[in-house]
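Here subunit A shows up in two complexes: once beside subunit B, once beside subunit C.
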Partner chain A sequence: MSDRLSFHVQRDSFLHRLNPLTKLTLAFALVVVAFVLPFYWTPIFVLFAVIVPLSVSGKIFREFSWAALRLILPAVGFLFVMQALFQPIGEQVVFKFYFLDATTESVAYAFRNAARIFVMISAFTLFLLSTHPSELMSDLTRRGLPSQFSYVVISTLQIIPQMQAKANAIIAAQRSRGLDTESSFLKRAGALGPLVGPLVFGSLVEVEERAIAIEARGFTSKRAKTSLYEIADSKFESVLRWSLVALVVLSIGLNLWHS
Partner chain B sequence: MAFVNVRNLTYAYPLTKQPALQDINLQIEEGEFVALIGANGAGKSTLCYALAGFVPHFFKGELQGEVEADGKLSSQSTLSEWTLNVGLTFQNPFNQISGAKYTVFEEIAFGLENIGVPREEIKVRVEEALALTDIRELARRSPYSLSGGQQQRVALTSILVMRPKLLVLDEPTSQMDPVGAKEVFSAVRKLAQEGMTVVMAEHKTEWIARFADRVVALKEGRILMQGAPREVLTSDLLFENGFGVSRYTSAAREARRRGLWTKKSLPVSLDEAAEGFGAIR
Partner chain C sequence: MNIEIKSLHFAYPDGTEALKGISLTIASGEQIAIVGQNGAGKTTLARHLNGLLKPSGGTVFVGDWETTQHPVAKLAARVGYVFQNPDEQLFSRDVLTEVSFGPRNLGYAKEKVDALAQRALALTELSEKTEVNPYDLSPTWRKMVALASIIAMDTPIVVFDEPTTGQDAANVARIARVVAELKREGKTVIAITHDIDFCAENFERVVALSRGQILLDGATRDVLGQEAVLAQTYVEPPQLTRLGKRLGLKETVVNQEELLQALKK
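Entry: the complex of A and B
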């Protein structure tokens, strides 16, 4: 089973050293700007003038472009084609697919939407690649987010590897009792039925034990928690965050004024 | 005065009639290493929960008697106060993984973060604990990628790092191979020598005989017998009550029945058995 449980890639870079909240604010700000600034090329500008250079300076360009090309582009491409064909606007037909027309206008419209979505997903991909989830949560907890809330978020993110580890254990156990898990897919799918029970009901029963286990390690202790990670923050970053907020407000203002 | 005092403890889980523990009286000295043995359902885990304060603070139900440790009564403390002094690991290591951490190192640090230990001290203590249980090489792995035995070591380490005065371990080596189990026993022995009080539910009688100070045998929620490991583990009483003891003991007992085993005491380890059987010729 894979050891990678998060998207996070450990590198020593300017981007990695930024405070998690700064990066989160930046991601949100980029998305808002890409969506509301009333200039056609804004999303493309944000992508190539901000996100891509950040991924380079963050030393995660390779991982980022892998995600962008293999995961985001196909999804966004599909969205583009759909919107170009189905959006009933414009006169100038550039492409015909049975009874569906893509017009210059609908293509332009679909392109802008696709670019916006692309920016949205890639901004958060960049954020996830450069931010350790535990650091994000410790930082937010330090700023007053209840620790129970961070626990729920983080442990939800871990459900998949947890389920996977458990499924492996159950499969091993069932196999040792003669359950067929190696022949054809259909046969296996049928035979794996018995796995569902322990996997689901097991989880419910285990909740109690896990609750005791984290209790045994002081989870509900009244003392102020500390964090293994030193999470950097500075006056500069605080100024940067407020500037980003200002930028968001400004963009929204411009959008309202423009329309 | 004893460090742990269990007095007339009787406890039944909610909605059950048959008590899981009945009239338990147990005194444990500081720095003593006590092994709990008994068949499945004998009440070992329940006694561990009672020592660790989860009975009655987490598991409700009917409780009589009291548990005292370090001069305080569990019923008079809150659970979080109690767990600062008393550490517990569970039978199933998988359910002890906090689920909130990505590496073993972070997982072990979790408890220290919760009780507000300063960062630099956390790092030092985690390193020490990793060395103690010999799992330094797992530090960067995900807790979910580990084998059951490795997870048990991580679970043990994440409690040890909290430096409890009383360490309660519920079958901590059940998923380990014999060598790994022996290492855990020997690490625990060392901790006891340094003053930690240890209660361990276990089945591996050979290591119990070698490392523990005392054995408490539970049957159907009651203490059947307790005393020095060798005496208890080779006793007829345990044998008559169907306890699974070491095969060396069983073999010698059978040999004694046939008049072959002439030594006064029965063996608990391979070496003793070999010696005794060697003398038969």
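Entry: the complex of A and C
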């Protein structure tokens, strides 16, 4: 499978060896905790005490920090500025921008929200960096997820690099027929039909052929399938997952009790 | 219109050196087949002819145009290129529109576009199918639509990438008739092919490529006679040629007619 689309980075690490479901549970648990535990610094704590150390032990700190600084931070930063300026709470003005003002309270509020979102995205980034989508899907299928469902997820991930290659071939073919894709924007916009048409038709033909081909090989057979890859799981991980679930329940309880 | 290739080198962005110094002159009106094992560089070479790829070293001239100096859309008026997979280019709702697309891009007058399209459709035996959606045709007929859509551009040079691969005998014969007609009209035809019988019967000159270099270049008979050299690029001379050799014929025969003549002597 082409990895151009999935974020997965192959490394030999403790994090990579964890069962995909454990990692998924962990990501969810961290997000819930960051959102519901009623302590102001929870999201920051989760980020620096759990997510960052995990990325280090997973040998993906470099990739993780790249994503965090280049993708997550700008988005979350934007959110922070907007909320700080637009939340109509608090009295103590710390910053004024024309008619908008940021107060101590609105800044604090925006900061916590931004930190929560940061945790949410980075927890899943960590998950995606250390888990191959097909690993997750085979594990979930083994646990009873219908294989049709994982087929749709996996083939969607596969189809995009395939479509890229196809799009390049189509562009070459149409340019050879005198289609101008190199000059003005207007001309390029007019070139859309001849480029998109074969992409869609060709992909439809392909999808149908593939569906028939896998059907002919017994894809929808009702028997339990033999799994080709053994995806590791252990008693320990099972305990870990249930503890995470307990943690989630506990934080929700604490949140309700606190308020 | 001649094609003049001088010490052409080409490397793909990933560093694969696909062409390592190709020099080749193709005269106006020649029928030339390019053969060689998978990965020999045939497609890479052909894609330089209409500027889809630009040389990393050396030059490619089509007539008086150097390919680096002109966009593909403009070179398309001189070199028609039939891609191997028709599904990578068909997009119109009917065959006639599809076939008219090329000549319209070249900016010909409406009457000329119609005339060119009709001629191409007749040549590819598609005249009855002008209103059909290309995707309702069988893959072999889609191939003919792709052929027609390039022939309609009336370029002095036509390049075919693997024209007979995956085609049935009837369609191979149809494609051979198209090549013969283009020859009669004085066009240059260049075909990349694995189909050595198709090559022997329809082309007068053969270029054998191996690992990005020219192994052999000459009259079909001379090239196909060199069984041992051709083996280096995993090309086998036609069955008939090998049979002739085993029968002890002095000259190399490349088709049935020649074999019969030689046996009569």
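We take it that the second predicted complex is superposed on the first by the 234 of 259 C-alpha atoms of A that agree within 3 Å, B and C clash if a C-alpha of one lies under 4 Å from a C-alpha of the other, contacts with A are read in each partner's own complex, and residues count from 1 in each chain.
Note that a residue touches a chain if its C-beta (ideal position, glycine included) is under 8 Å from a C-beta of that chain, and two chains touch if they have at least 3 such contacts.
Please read all numbers here as calculations on a predicted model, not as lab measurements.
A.B. asks: For A:230, select first, second, both or neither according to whether it touches subunit B, subunit C, the two together, or no partner.
C.D. replies: first
A.B. asks: Once the structures are superposed on A, label A:162 by its partner contacts, choosing first (subunit B), second (subunit C), both or neither.
C.D. replies: First partner only, subunit B.
A.B. asks: Answer with first, second, both or neither: which of subunit B and subunit C does A:215 touch in the superposed model?
C.D. replies: Touch status of A:215: first partner only.
A.B. asks: What's your read, subunit B or subunit C touching more residues of subunit A?
C.D. replies: Counting contacted residues of subunit A, the larger count belongs to B.
A.B. asks: Which subunit A residues lie in the overlap of the subunit B contact set and the subunit C contact set?
C.D. replies: In subunit A, residues 166, 169 are touched by subunit B and also by subunit C.
A.B. asks: Inside the complex, what are the residues of subunit C that reach subunit A?
C.D. replies: 47, 50, 52, 71-73, 76-77, 79-81, 83, 85, 87-92, 101-102, 105-106, 135, 149-150, 153
A.B. asks: For the complex, which residues does subunit A have touching subunit B?
C.D. replies: 1-6, 132-134, 137-138, 150-151, 154-155, 158, 161-162, 164-166, 169, 206, 209-230
A.B. asks: Subunit C touches which residues of subunit A in the complex?
C.D. replies: 166, 169-170, 172-183, 193-198, 201-202, 205
A.B. asks: In their shared complex, at which residues does subunit B touch subunit A?
C.D. replies: 52, 54, 58, 79-80, 83-84, 87-88, 90, 92, 94-102, 105-106, 109-119, 122-123, 141-142, 144-145, 148, 158-159, 162
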